[in-house]
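Chain IDs A, B, C, D and E follow the sequence of writing; residue 1 opens each chain.
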């Protein structure tokens, strides 16, 4: 239960800090000082926008995002490996080397397909 | 106007009165050295968005088309806010501004604008001067309250004007076949990195420029305010009454212009402090500064990352470069320079400097090299003069079809690259830049 | 806190997720439902590991495999959504009446 | 493993974060003045952060047409909170750690990964195009630095055979990780600068977006956001000092002093990068991260394993 | 402090209920950004549950993974949902009653099994979990570990091949289409809606969707979805009107 207490402290810290910021924000004044419509226009150099900026935004890196989604999972396996690998010795290095090589092939493929940049 | 806590004059505001003054610079036509002077003052911090500013500095002449955007930028500054307008001493220019913007502090070309800014800032924070009221009427862009089934102006899934504006629509994509939404935003004329007075109607597909049009807000007419400052190095044709023109004055103006440009470019790439240093040099370059200039040149050439991030961006070569002319052409290896034909310049041993690649990197190299060369020429020139035909303007002249040239250069680029391209070419926009737009649209159709 | 509690929470997450999968028209919203269902199974796995499996590390391995499956599901789902949108301009199930490209 | 009472942990971390943010702000001004060629501004640099903060508190808070107000308000609060959590797991000395858990390294990584989340709404919520582009850029940036960051963190746990930061520092008793795993610290700092989007990797808040996700913010919001970024830089410096520079280990001086000296040194390096290196392009950043940095980080892990056998 | 059993119990039920509530909110909000972040909140609450159930490593790694995954979820939501910010309230659902019934049925069945079935009572001893997990992965479950790597590689390759618009040989669609029957249409530019005569065999689905279309203002909207838009179902018309 000692560990839970420490995590409780971390959680308290997160909530307390966030609450402090929100409190400070509230104390510093009301939002928008009752701003007029022109005062609320988004900044683009002086002219108002034609449409809402919120749109179906074409994020050009979606292929890289998919790559990340799968590649990220590798970390799940690697942290436990790092903890025990000295007890297991050279076999552990061999296993992780195979694992990393397999995943590195994925990056190599993405790079060869030129899928990492903006599409 | 309510600033609820830390009211002007209160203890918090008194502490804040000693802060670096956040300034948003709205460059009108003929803004002169205003921005460079502010950049070179450590008590002032030039910011990229009016939301972060307290002082709005307007410089030079604001034509009638830019009056409303200026007022909007003014309103976008959160209170407390003050305006300082620096104008040339044209006929009645100061009085006209005082009449139209009674809350603003107006200064002439001879006054110390930085000191005025700091003073006005302190006054408003110490409560000795009221914060400025909004200039535009409180009118929503479209009637939306109580309209539609939810009272927010919308209809259906994507229709209507929810909260005053319509939603973006879809368009086929140029690059990868996902036809998602495109958003048209008119950028400028007071975007910090933009050339003076340029307005680009950019259609975004994601962060990529889908299409570009040039809007013209510069047409002269009634309602324009302020006069250009005399020290506007962009045209560098000097006083039209005094002909022929002295070379040393011309070349120093060229050097100042290039250095001001460089200061802005460095800020665009996030190098604020270095930009400040360059702005200090730009304030008044004299031939003795040439050692500093060479030093700066060496230093920037050694800045590996700056070279890498500017290389290959906004490449303009060949016919496109010839169409631009000026610095852009010379950066692409074309030795076009009006000075080449001048006997006076030939006597000074002038030969145009050129670079090869015509990309962002070669354009800043070109400008730096020309700035150095200009100072050398100014030092050697004595009282030599040059006639009108052989004056090479320091600024990048805009081609007749500015919209077409920018469209070619920007379409399909990521916004950061597109902006870097515009900023590194930095054309001097003239009235009528977007005037041929309907004609071109017809031609395309 | 008990095994039964964990299983009830797990079932609730699974139920909410299933509701999402069945009711949503948009492909991505359906995927959110799937993620919630997997989320529920994760709670059940951890609960069973703690109270019914004697803390065998195989239970933890199972949980990790569930997470991996979730990532693979998400990646393949998004890739399919992208392909379908590109070729058919379909973003909701009603627009997709044949699966052939 | 000792139990630190929650109030003591909160107070200690709050003090540390406050001091770290102040040092970072002063260092930023001092380095900036030096690069700009201004001398004799040291006195102003010391008081500057307080005056700037006072101005932000006096200034009205801007809003836009139809923002997502709640998400917008939460963004800086959560970012700062996560920076504080990240600071809390780093040990000051052998016996003083605010949040002492076995998997401290993973908790740090989780706090960093979660810190990606508030940045996006900070740009998205204002319903304005330039901040919106900044928000999407940040996701691209985050997906690129995340793997080098985690792999660099992982490489220090290999010689220690532990995910607890105390063990990781102790494992550097003979040789600091910066020497033993030479690629780790540069990778970690690069990723860290990306997390705080600072300096050359300031993609979401860059000048080309008019301030990016900050373009529509002012007043108290901007103060919280700037504080959060500096706090995140501080968290990264502290972690870098503990994981790569031997933490509290060092001769003569007490352990805490060593830890502070190393943290401040890394903090100054990170902060100065803003004035010395130009901002990179988003697409190049992504491609280089994946094609160069992640393979390097994988090699780094294997090297770490090989040297610690 | 969370070290007392009562506090642990309270925390368990609090975060457990919160995980379900935030999961439910995913389908209630109009804003897709909020939906993604509600899903993330659900995962974070489950992360805390795992922590309370002594799977310290699983909990942290779940939080770490899901932060990245939900960021990606958010960008895909914003790309592929119309009206992603929910500026106009909307409710894009079909077969709503069946879905509610299915959800409730699944909950009742699974919770019932959980409450009724007799599970072996073998509580775990306190142990260094991460280390045990590592030993397991390098020992008995080594095959799981390596085949997970292979599965991830296969996913990467498949995802790139599917999602990428171009390969090193140029556009992904160049030469990859079956020749169209109608010479005027290319597959990639095929109309969003298939020809009307293709409906046979899909009548059931049509009926389901139609139920909601027709249910405008009817009982459907009332079931916990008050205040949301059914008239939004005219999105196809809108979409075509606004497209290109």
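One rule holds in what follows: a contact is a pair of C-beta atoms (placed from the backbone, for glycine too) under 8 Å apart; a residue touches a chain by one contact, two chains touch by 3 or more.
These numbers were taken from a predicted model, which means no experiment stands behind them.
*Asks:* Kindly list which chains stay connected to each other once chain A is removed from the assembly in thought.
*Replies:* one piece
*Asks:* Using the touch definition from the top, list the chains contacting both chain B and chain D.
*Replies:* A, E
*Asks:* Comparing centres built from CA atoms, which chain ends up most distant from chain C?
*Replies:* B
*Asks:* Using CA atoms only, can you tell me which chain is the most central one in this structure?
*Replies:* Centroid comparison flags A as closest.
*Asks:* What pair of chains has the most C-beta pairs in contact?
*Replies:* C-E
*Asks:* Whole-Å distance, chain C centre to chain D centre, using C-alpha means?
*Replies:* 33
*Asks:* Could you work out how far the Cα centre of chain A sits from that of chain D, in whole Å?
*Replies:* The answer is 14 Å.
*Asks:* Using CA atom averages as chain centres, what separation in Å is found between chain A and chain B?
*Replies:* Those two chain centres are 35 Å apart.
*Asks:* Return the distance between the CA-based centres of chain B and chain C, expressed in whole Å.
*Replies:* Those two chain centres are 51 Å apart.
*Asks:* What positions in chain B touch 2 or more of the other chains?
*Replies:* 3, 5-6, 49, 51, 76, 78-79, 141, 162-165, 167, 169-170, 175-180, 183, 185, 191, 206-207, 414
*Asks:* What are the residues of chain A that contact at least two other chains?
*Replies:* Where chain A meets two or more other chains at a single residue, that happens at 2-3, 5, 7-8, 28-29, 33, 37, 39, 41, 43-45, 49, 52-59, 62, 65-73, 75-77, 79, 82-85, 87, 92, 110, 118-119.
*Asks:* Going by the contact rule already set, what residues in chain E reach two or more other chains?
*Replies:* 1, 8, 52, 56-57, 61, 64-65, 68-69, 72, 75-76, 79-82, 85, 87, 130, 133, 135, 137, 148, 152, 155-156, 159-160, 163, 165-166, 173, 188, in rising order.
*Asks:* Can you identify all of the chain pairs that touch?
*Replies:* Chains touch in the following pairs: A-B, A-C, A-D, A-E, B-C, B-D, B-E, C-E, D-E.
*Asks:* Touching residues of chain C toward chain A in the complex: what are they?
*Replies:* 64, 67-68, 71-72, 74-75, 78-79, 82
*Asks:* Please name which positions on chain B make contact with chain D in the complex.
*Replies:* The contact residues of chain B facing chain D are 3, 5-8, 10, 12-13, 15-16, 18-20, 22, 42, 47-49, 51-52, 54, 76, 78-80, 125, 141, 162-165, 183, 185, 191-193, 204, 206-207, 266-274, 276-277, 280, 303, 305-306, 308-310, 313, 414-417, 419-420.
*Asks:* Which positions of chain C touch chain B when the two form their complex?
*Replies:* My answer: residues 82, 85-86, 89.
*Asks:* In the complex, go through chain B and note every residue touching chain E.
*Replies:* It comes out as residues 148-150, 152, 154-160, 162-163, 167, 169-172, 175-180.
*Asks:* Across the complex, what residues on chain D touch chain B?
*Replies:* These residues of chain D touch chain B: 31-38, 41, 44, 47-48, 50-52, 54-55, 57-62, 65-66, 129, 133, 136-137, 199-200, 202, 206-211, 214-219, 222, 274-275, 277-284.
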